[in-house]
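Encoded as structure tokens, the structure appears first; notes follow it.
Order as written gives the chain letters A, B and C; numbering starts at 1 within each chain.
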Amino acid sequence: MPLWEIFAPESAFTEEDKEQLSTAITDACVAFADIPRFYVGVRFEVTPANTMYVGGKAADNFVRVVVDTIARQLDTREIRAACMDATEMVLAPFVKDRGFDWEVHFDEIPMDLWRIQGLVPPPAYSGTEKLWARENRAIPYEVSAT
Amino acid sequence: MPLWEIFAPESAFTEEDKEQLSTAITDACVAFADIPRFYVGVRFEVTPANTMYVGGKAADNFVRVVVDTIARQLDTREIRAACMDATEMVLAPFVKDRGFDWEVHFDEIPMDLWRIQGLVPPPAYSGTEKLWARENRAIPYEVSAT
Amino acid sequence: MPLWEIFAPESAFTEEDKEQLSTAITDACVAFADIPRFYVGVRFEVTPANTMYVGGKAADNFVRVVVDTIARQLDTREIRAACMDATEMVLAPFVKDRGFDWEVHFDEIPMDLWRIQGLVPPPAYSGTEKLWARENRAIPYEVSAT
């Protein structure tokens, strides 16, 4: 579903941290939205010193998270707030609890401008999506005309 | 029109590949949407090992493509599907046929929050746009009040 | 409010340039939208040679600016044009006047999918937002039920 981009200083996360955080994000997305695990992408980008500024000042203790969410519509105010709460919970041990400053935002991507392995992802909660989730990979299927 | 961002392992593309792929993308965008060639931007970003995760696992054989599309509205379901089909066709020789995993999504950018060389890009299919296409550069012109 | 991402060749900006440009962007955003200074994030990313292509050709003299705007709605055509004009004014001394080619676009992010330091940013122009601006930091407050 989503592509998470995590911009952080090089010292912020070890290899093990990155694997744990991306696993925690994946677990949270699956719990929240019941999507296949492989829908969740996480990209870490190191922000060298003096490349990230907040309010005009170098912010070298800052983690910026930008998420493109695709596979599920965040339809109601309650779901949107819950999504942001879940995000904060999953980030906290890696960011807040380690003394970083941080900021997060989500952008919403139209579902019909998205492909995985060249395939149109199946409709949310469909049998095919459940199969993809179970197999944890994109499997060719017959796209319905409707 | 669009900004294509292509996140891929360092080994994925040679200098020659990058030029060929960005040319193929440009050709496809021009054929699809009849826009000036210089509207098409492509940025390649190397994803070092252990910076891209899919489903919580390091995905070091993965190409992630994110496109911000601007100059044309993708108005109908048919055009949107055709846009994604064209995208897959242009990527296939560089991605699928080389054995990479891959995923693509497009985001839609409002046309009025976009400038090239400080200029408001002319209306789609206008005479000025055709001039820009012919000259393959942004040329100052009188922006109509309407 | 906004996250500015500035993709430029390594030679484009010194450390001092980056601080000055991010300060100029912050000043402009505060003047334009009356937001707290720390809402303005600017991330510089170096584009190595042969990673940025325009119209299928390597564009090694090119500055690409992508802004995600969040804290204020750009409601009217006039405000949207004024926003882009202000952007060009702030960039000109660092980009146009130095002989770079450049292109800019803004994407609009829904305000309710955004958190700073884990907090829901207060409503635009509210007393709490003014307090955040004065203190130049996120301060916990009681989020109203409405």
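Convention: a contact is a pair of C-beta atoms (placed from the backbone, for glycine too) under 8 Å apart; a residue touches a chain by one contact, two chains touch by 3 or more.
Keep in mind it's a predicted model, so treat the numbers as computed, not measured.
**Student:** Same or different for chain A and chain B, where same means more than half of the interface numbers show up on both copies?
**Tutor:** Both copies touch with mostly different residues.
**Student:** Which angle of rotation, from 0 to 180°, maps the CA atoms of chain B onto the equivalent atoms of chain C, to the nearest 5?
**Tutor:** For the C-alpha superposition of chain B onto chain C, the angle is 120 degrees.
**Student:** Once you find the CA centre of chain A and the CA centre of chain B, what distance in Å lies between them?
**Tutor:** 22
**Student:** Using the touch definition from the top, which residues of chain C touch two or more other chains?
**Tutor:** 107
**Student:** Enumerate the contact residues on chain C facing chain A in the complex.
**Tutor:** 3, 15, 18-19, 22-23, 25-27, 36-45, 68, 70, 107, 109-110, 112-118, 120, 136
**Student:** Using the touch definition from the top, list the residues of chain C that touch chain B in their complex.
**Tutor:** For this pair, the touching residues of chain C are 7, 47, 50-59, 64, 66, 74, 77, 80-81, 83-84, 87-88, 92, 96, 101-108.
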